[in-house]
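There are structures below to look over.
After this come two complexes, each holding subunit A, first together with subunit B and then together with subunit C.
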Partner chain A sequence: MSEQRNDTKFINRQSFIELNARERAEILFDTGTSRELAGPFDRMESPWLAMQGVTPQADDGCVVMKGKISGQSTVVIALEGAFQGGSLGEVSGEKLTAALDLACADNEKGIRTNAVMLLETGGVRLQEANLGLASIAEIMASILVLRRHVPVICIIAGTVGCFGGMSLAAGLASYVVMTREARLGMNGPEVIEQTSGVEEFDSSDRALIWAIHGGEQRFAMGLADALVEDDAQQMVEAVQSFIAKGVPAVHRSSEIALYRSHIAALDASRQWDPKELRAIWKADVATEDTQ
Partner chain B sequence: MEKIEFDYPAQHKVLKRAHVGVVGSGDLEVLLEPLEGDRAHVSIQTSVDGFKDTWKAVLDRFFAKYDGAVRIEIHDAGATPGSVLLRLEQAVEVSQR
Partner chain C sequence: MTHQPLEPLQRSWTTRRDEKRRRMQQVQPWMNGPILPSTKIIEALESLIVSGDRIVLEGDNQKQADFLSRSLVKVDVKKLHDLHLIISSISRAEHLTLFELGIAKKVDFAYAGPQSLRVSQLLEDGILEIGAIHTYVELYARLLVDLVPNVVLVCAEQADAQGNLYTGPNTEDTPVIVEAAAFHDGIVIVQVNEIVDKLPRVDIPASWVDVVVEADRPFAVEPLFTRDPRHINDLQILVGMMVIRGIYERHQIHSLNHGIGFDTAAIELLLPTYGESLGLRGKICEHWTLNPHPTMIPAIESGWVKSIHCFGSEVGMTDYIAARPDIFFTGRDGSLRSNRVLCQLAGQYAVDAFIGSTLQMDADANSSTVTTGRLTGFGGAPNMGHDPHGRRHSSHAWLELITDKGPIVHGRKVVVQTIETFQSGGLPAFVETLDAVQVGKKAGMPIAPIMIYGDDVSHVVTEEGIAYLYKAEGQQERRRALAAVAGVSPVGLKAVASETAALRRKGVVAYPEDIGVHRMEAKRSLLAARSMEDLVAWSGGLYNPPAKFRGW
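Presenting the complex of A and B:
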């Protein structure tokens, strides 16, 4: 991304991060082609939250929409980060899995259907523990089947980010699109601090968090395929470009030898600088930049 | 968590349903749907217990101006009375769009 940008254009842009899950999903589609499936009036709520004193949400924080992007049939699944941290419970997990599986069934019948996941999530919903964990296993299995037919595109726009089990789902995606504000990681900063101590990771140090989990770093390390501004138009164009690209020749998660050698080459006896990591990891990553 | 229900008299038929808001801290979700007959029914699920009188005051004020025959379902995560009223008015606006 160039340092110089058209400031007027940037100021007048439509923010993507400020949109809620439903608006984010809808804006990606060709105008007027989308419809929501299993929406709030279908009342697929979590049966587990109320018994633990937590108010449920009518769509369980998972929005599923079907429509056309670049004229191609596409399903978009968006997690609402404002509801329970976008966490995956039994119902939201099942909605996500079913959407991917229906897309897969269409592809197997010869009806090409792409998939986009908008992930703003802390991972498993702790109130639904094992059911959430089971959901994430199912989601990963469904992504692995679907990505043989069509690209599975993952967007992490922020500001919740994508953590826990769902970071594994993001890792299986064909393409990952991030913003500078977004974060992607297995264990979030608070979790690392709590389990390994503040000397290991200071979760109040925002510069440190973004230097490790931030979109810019993930893109520079080749763990994300596009870094876009917080701009709805740029997000739409990124999704369209990856749909046009189709299924990648090799998925990042299949590059086992490459990433094993990356990790083997790291000397864990000293502290690495995030910028050094960029130089080592990016050099021979197969996935190409889009920008 | 507390469940609260209210009924109000209503006159106007409502044609469209509306969904606004999110069950996020300090916010709420409102589902508004047409209801047969001449009444409005409100059901509330809130994570904050002991505010039934406040809910009644907010809804009394809302239904002093609004007379749609609707079923309103509220999922509340600790919204202030002001936010509740704004979300209700937003739901009405969306249902009239």
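Presenting the complex of A and C:
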């Protein structure tokens, strides 16, 4: 008995997760319109890593590209998860902030410039602790200003995920796009286990991790706006659709009363099943599935 | 010459049988046919086993009779002590607790991966005594010769009321262990996941089985043969490309065994892409003896594979295997039938090639996975990773390795070792003296624990190139060939550029460019599957990865 197969398209897709930060950024643009700013040949590397015996990288793990998406001027900032876990240091933080601020200045001059952040990051770079922390504050301030003009789109594709301070940046974004292999959370699994014990959170239990932090759960709870397959084409289309949508009427991070009431309504004395949370949280959130 | 008058022995010839009957009578009041209530298991073990007995506890690198091992540590050591334990893999903590408590004294085994550090310590403290460290088939063979067991403790998925057993996809070692006891008046005790009215198929007949007990939970089984394609790096892909071109294509390897490792996983995932681009489908890699590696799925689905016989099953592969009976050995119930001993025999005598990766190699290509402080043992690799002189049938590959021109020659198995010139942490993998030498001395072993002997190795592949050791003339040339691919390790630094150039001209050493392998092409995009999700898709949704391998 021969079988009809329907997975050939998936097998032959171009994986987005497989791409490095530079390739991820580039593929989002209309063909041939992108150029890199403050690239590796400008040698903006961290002055702090070598002192601590860590080899720095010529782009400090942050790629900034400008070009057109759907014909509109857009800046894409991508953190490289393979370099120091995508962590944010002084230089990479400054590159990210400057890119957002320049886009903001353009918009204020009447030149519409969208912003996309590709976040694969564990948050602040421990070797540059305070400088990294300061960056997070600056990035958040910059997003808040920029998102009044244009949508700030955040992509978390995996496999590092988006944790720590940068999860706040994701929280402020106009739209969050995830794959089911991506994770989003304030404290990563290992951090929760270290601080609260293995009974609280077993960081080796992958099923648990993805049930809490995984893209499918985040989307189902209304904390992400699109869940796409690990497919470059789907990622491009998701970004284009959110650029077309423009600035949302209300940003998720402005829904303070709604999320306060959500949290207040949770009975913390019992263990909640992640699936139950989906039902309760998603019901009130007006997001659309782009799939 | 005068001699003593011959005097036939006046003795009982049924001591084993009588003793078995005596022990079985003690548990008879609790039994319902062959079924023993789970609550009686500890008392039953205290009655059925006698101090000093030789017992086999089923436990390999995959499945474990863990209900029985967890019960055995609870027996009263005053009643039961100084057992001689035979176990293929010391995998679980309680296996060694038996020794700490004094329930067991001596052990014969084949592998001690997860517990290797503790084995070394207990040995040093005199708490545990090692008979010998074996390879798998060697240990099973001795069950039929000088290590015949008094009692065996094994596991099965299901039993019926008569005591027939269904061992299912993970049959693995059970048949040989049971046979050694059942036909020499040993006692066969089986833990089963459940007792059912009708078995899917009978793997072991009731007349071989003495006691069946339902376990508190299904027997433990580890997904040991799963490699996440996400973690395959470009270097491993380069090595994989070299193996496909420089060995599989060169020698027309039709039948083979792959060890566990990312190098071999890379090869499996390169067949449908790189191998296909070379037009090699149907020309190499058709018949396999190996576990159902999930990374084999794309090659199977692309029509590369004609048959696979398995040592054991693999967690998550059950439905996929059941849907591919043309490829896998399956029972009438549709599920896999595995058998470690038979698969090891097949891997020893019936395949053209063995390939495995190793951690440490000396200048003569002796290799070992033993590192300081750990007595890991051998498992099954040496059975496949040697040239069996008992082979007489020929194949293209077997004949091609003949270098002698004499009238009487024998063919040779292709035995490939892959090794990165440096291990993680920057330690050279090529060394002057293997750690195994020191470890062996310290453990009082009569000879150093070598995994694969250098003289059995026909090819060594590193990220630098291939050493065709079988072609080397004399020990000096052989060493030079190995040094030529050993990078900047202490062994590799001995290479002389002019000698290496001569060896490359002679075909004793090949660098990637010598065999048409382009280093720049060695990219992850060349893998047919780059994630567990890809493997699931390739399987048409039939492969169900265990939670520890899920990234979603």
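Operating definition for what follows: the second predicted complex is superposed on the first by the 285 of 291 C-alpha atoms of A that agree within 3 Å, B and C clash if a C-alpha of one lies under 4 Å from a C-alpha of the other, contacts with A are read in each partner's own complex, and residues count from 1 in each chain.
We take it that a residue touches a chain if its C-beta (ideal position, glycine included) is under 8 Å from a C-beta of that chain, and two chains touch if they have at least 3 such contacts.
Quantities reported herein were computed from a predicted structural model and do not represent experimental measurements.
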Clash or fit, subunit B versus subunit C on superposed subunit A: fit
Subunit C, subunit A and subunit B - angle at the middle CA centre, rounded to the nearest 10 degrees: 60
Subunit B versus subunit C as contact partner of A:Ile280, first or second or both or neither: neither
First, second, both or neither for A:Gly214, with subunit B first and subunit C second: second
Touching partner for A:Glu80 - first (subunit B), second (subunit C), both, neither: first
Which of subunit B and subunit C A:Arg206 touches, first, second, both or neither: second
In the superposition, subunit B vs subunit C on subunit A residues touched: C
First (subunit B), second (subunit C), both or neither touched by A:Val247: neither
Shortest CA-CA distance in Å separating subunit B from subunit C in the superposed model: 5
Subunit A residues contacted in one complex by subunit B, in the other by subunit C: none
Residue ranges of subunit B in contact with subunit A within the complex: 1, 17, 19, 22-24, 27, 29, 31, 33, 45-47, 73, 75-77
Parts of subunit A lying in touch with subunit C, wherever the complex brings them together: 3, 5, 7, 10-11, 15, 17-18, 158-159, 180-181, 204-207, 210, 214-216, 230
Contact set on subunit C toward subunit A in their complex: 230, 524-525, 529-531, 533-534, 537-538, 540-541, 547-552
Contact set on subunit A toward subunit B in their complex: 20, 39-41, 50, 53-58, 80, 82-84
